[in-house]
């Protein structure tokens, strides 16, 4: 992995679940885009969908991101990453699925820990009002009939409406609560 | 999947975990049996056993159902279905494991959602006193020394006694609570 | 597993992949049906389909068997069994997925070995012209345009025709050979 | 899946393993790019690497494709897809991992078969000298010291040299043959 | 499995997750070592690490045990065991991964239940102040800055310090709580 | 992984499948034992058994090694390692399952390649008449009734006889050839 840092690759890596992609992600990625030549955007838990935590498929999340970041498309890689059920191999798994990168951006402390154990330093990007711009909060607004559209880029709202995402989430929620 | 609806197959599909099979299931299936020629009964989470939610093996649940529905045996298929850890392929997984069917019966809203996304309509069967006839309630009665036998068909009680199912559940529960 | 032999369960278990179900299977099962009260028919490699060795889904194979053995339906359990990628747990896996049985019938020496290592005796049923009545031979006839219909029960031929199984097999074969 | 065809999405999907990406792929994709607005390029067997059939990681293959198709980058999605060990759910798996598409391009007859069984038509794109432009042939040239560089886009040769891909393949081959 | 009891193997088997290995484990194993010739120590959930319940890798746990039990090393086997996601095959899985044994020691009632269902008797070893000597309690002390070192053998504290285990646990905890 | 080399751990790691453990392994390990303080012996493909390539379970192979190397037991760790179906994460998987080591010994070129890609150097130990001392050759002798006992340590022959390993192999072979 030593070769990850030698040379001057200038590719930053950013990881999220994007359930859904929101204006917080958008702000962070625009900020990172000023620092690096190219961004590798990794969609975590790619195999999950139709659950309370992960209502949208990886394909739907890919569509959201490309629509919202269309002006940066020439400098982005958007890559779905399935979970492996063991943290000790997760960094290797990720490295095998993405083009080479030289910086990781993450506020997730487990991600920070896992990368640091193999000698890769992680930068913490600024967060943009995490209380408001959070997937959990937005999914709650969707369930409660609140105004979630304000918190996501316009094209993301369209993707969600096309697939009738709010009804999907409501069905998942109903089932979950009656268990 | 279009071919699922063409023709007149008259096979209904019903899905449950049957932990254990109880009089609520029995009533629903007898009702469905009046509407369709044959019933495909799918036992979900077939790989699970010896847990609080799924104490009985698929084999034990198959025995319960055939014993309780022996008069309908000529018109039933009872099929264990292992979980796949991804909702987006679950309908395909199910379709590959059962004979062709033309109607799905389910009150599970996630099941309804998943089928509807591939264009298969789900009918909601009547439910029979779900507060009483529920697997969760029956397992609780088993743990509390309550009268669970009244809530299951007589041959199901025999299956559970043969395998000493109440002791099994008690052991699982004890372990679970001391963790 | 000691409890498998005590008592007098009178349930025989027969395992096959049934790709497709043919007159050899039919003859063996009719013979076994004279010796036992009930037969548990296990469909191995249930998760496999659309390959040269396993062209048909478990659901299609279930349909074949029930159609062909309709007169014995009241005494049969037909159960799909997914492979586990480790022979050492395969017997436990099988036991968990089927109702209790007291005799296994198999000519497969690996099956014989695995059961014998946990103390379960396997009986070898008579085989009926294995050179002719073999899944491999029948699949070859399907590819070569030969007369495979003679080697399977009439309702099995119907199932295969309904799903256009010969075209499926031809497509799999073409792809396989050009690799 | 009926909704895949309604509307006018104009997104074509192309599937390959790209071991490595070569001028045959390049020619097909340039041809398809004239017919569709956007192309979804799916990298199959994404989890495989360091084998004779799949020497390169998904990340390396992603790099190859983006480098070689940089002028089309605004109109492409390059998506790694892990295998599922069951053909019957593969189409669902793929659909869940990619943005919506309305045409599949493939010469792989198993792919054609699997899509056609769920009612999705597959177009066969022209092939460009498959005898020469084939992953198998190129990997053989790499092992034999032949001129493989001529058969891949220039940036792909650079990716392979950066990771010392020929030595990797030689090591895999040596191990494989002495087994 | 009948052959597990015949003969006089004199090998005891003890199962734990050892997160971390503590003085309670040490006391039980020293006690068992007086009763049996050799001890097979099975490390459960071997694939898990970097979680609140399982912070340490199997390799780290192996190191802890060998360091702490160095005087018994000639009579011990320390074997990591990955989970299987199905309780019904767990005993077979375990048996396939360890040398033959004739007694199981466990206070875990699920373990007792699973072994008893295949006819293997489990002995309950004495427990040593389970309120104090418990993995859960020790991990809590680590997070709270309490005195956990007193509760583990000295060489275990060294292993944990070498890998900076307390920081790891803190990072996992932080991430877990902000979810 | 940089931290694998710092300090002076003096632990060598040796990997094999040991089907069965033979005098070639024995000679290599005795040689390595002169160079290092402790040896970590990793049993690959631990989940495999009852196949032509891997007839013996991991537990049986552990017994073989400990019996044959009893005089080195104080300096050995014998650890079963299940396969992961992806070479790119295999080194991480291994590292997570074993105590820290500072040198790898292997003649397997794929192993050499995988370690070298993460910056870990592998030493090639001398091989002892690989034509004779090879698992493949020994398994063939077992099937042909040849003299395999001469090629394994005496206690290994005893382990194989206790489990009637030659009959097991013969049954696997018969089944394999009639497929």
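In order of appearance the chains are A, B, C, D, E and F, and numbering begins at 1 in each one.
One rule holds in what follows: a residue touches a chain if its C-beta (ideal position, glycine included) is under 8 Å from a C-beta of that chain, and two chains touch if they have at least 3 such contacts.
Owing to the predicted nature of the structure, the values given are computational and were not obtained by experimental measurement.
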Mutual neighbours - chains that touch chain C and chain F alike: D, E
Superposition rotation for chain B onto chain C, Cα-based, multiple of 5°: 180
Most distant chain from chain D, judged by the mean position of its C-alpha atoms: E
Chain pair equivalent in interface to D-F, over half of contacts matched, among B-C, A-F or C-F: C-F
Distance between the centres, which are taken as Cα means, of chain E and chain D, whole angstrom: 46
Whole-Å gap between the CA centroids of chain A and chain D: 25
Numbers and ranges of chain B residues touching at least 2 other chains: 49, 57, 86, 88, 95-96
Each pair of chains that touches, named by its two labels: A-B, A-D, A-E, A-F, B-C, B-D, B-E, C-D, C-E, C-F, D-F, E-F
Contact footprint of chain D on chain F as seen in their complex: 85-88, 108-110, 112-114, 136
In the complex with chain A, residue positions of chain F that touch it: 1-3, 84, 86, 88-89, 91-93, 95-96, 118-119
Sites on chain F touched by chain C in the complex: 47-51, 57, 167-168, 171-172, 174-176, 179
Chain E-touching residues of chain F, taken from the complex the two chains share: 46, 49, 57-60, 62-63, 66, 73-74, 77-80, 82, 95-100
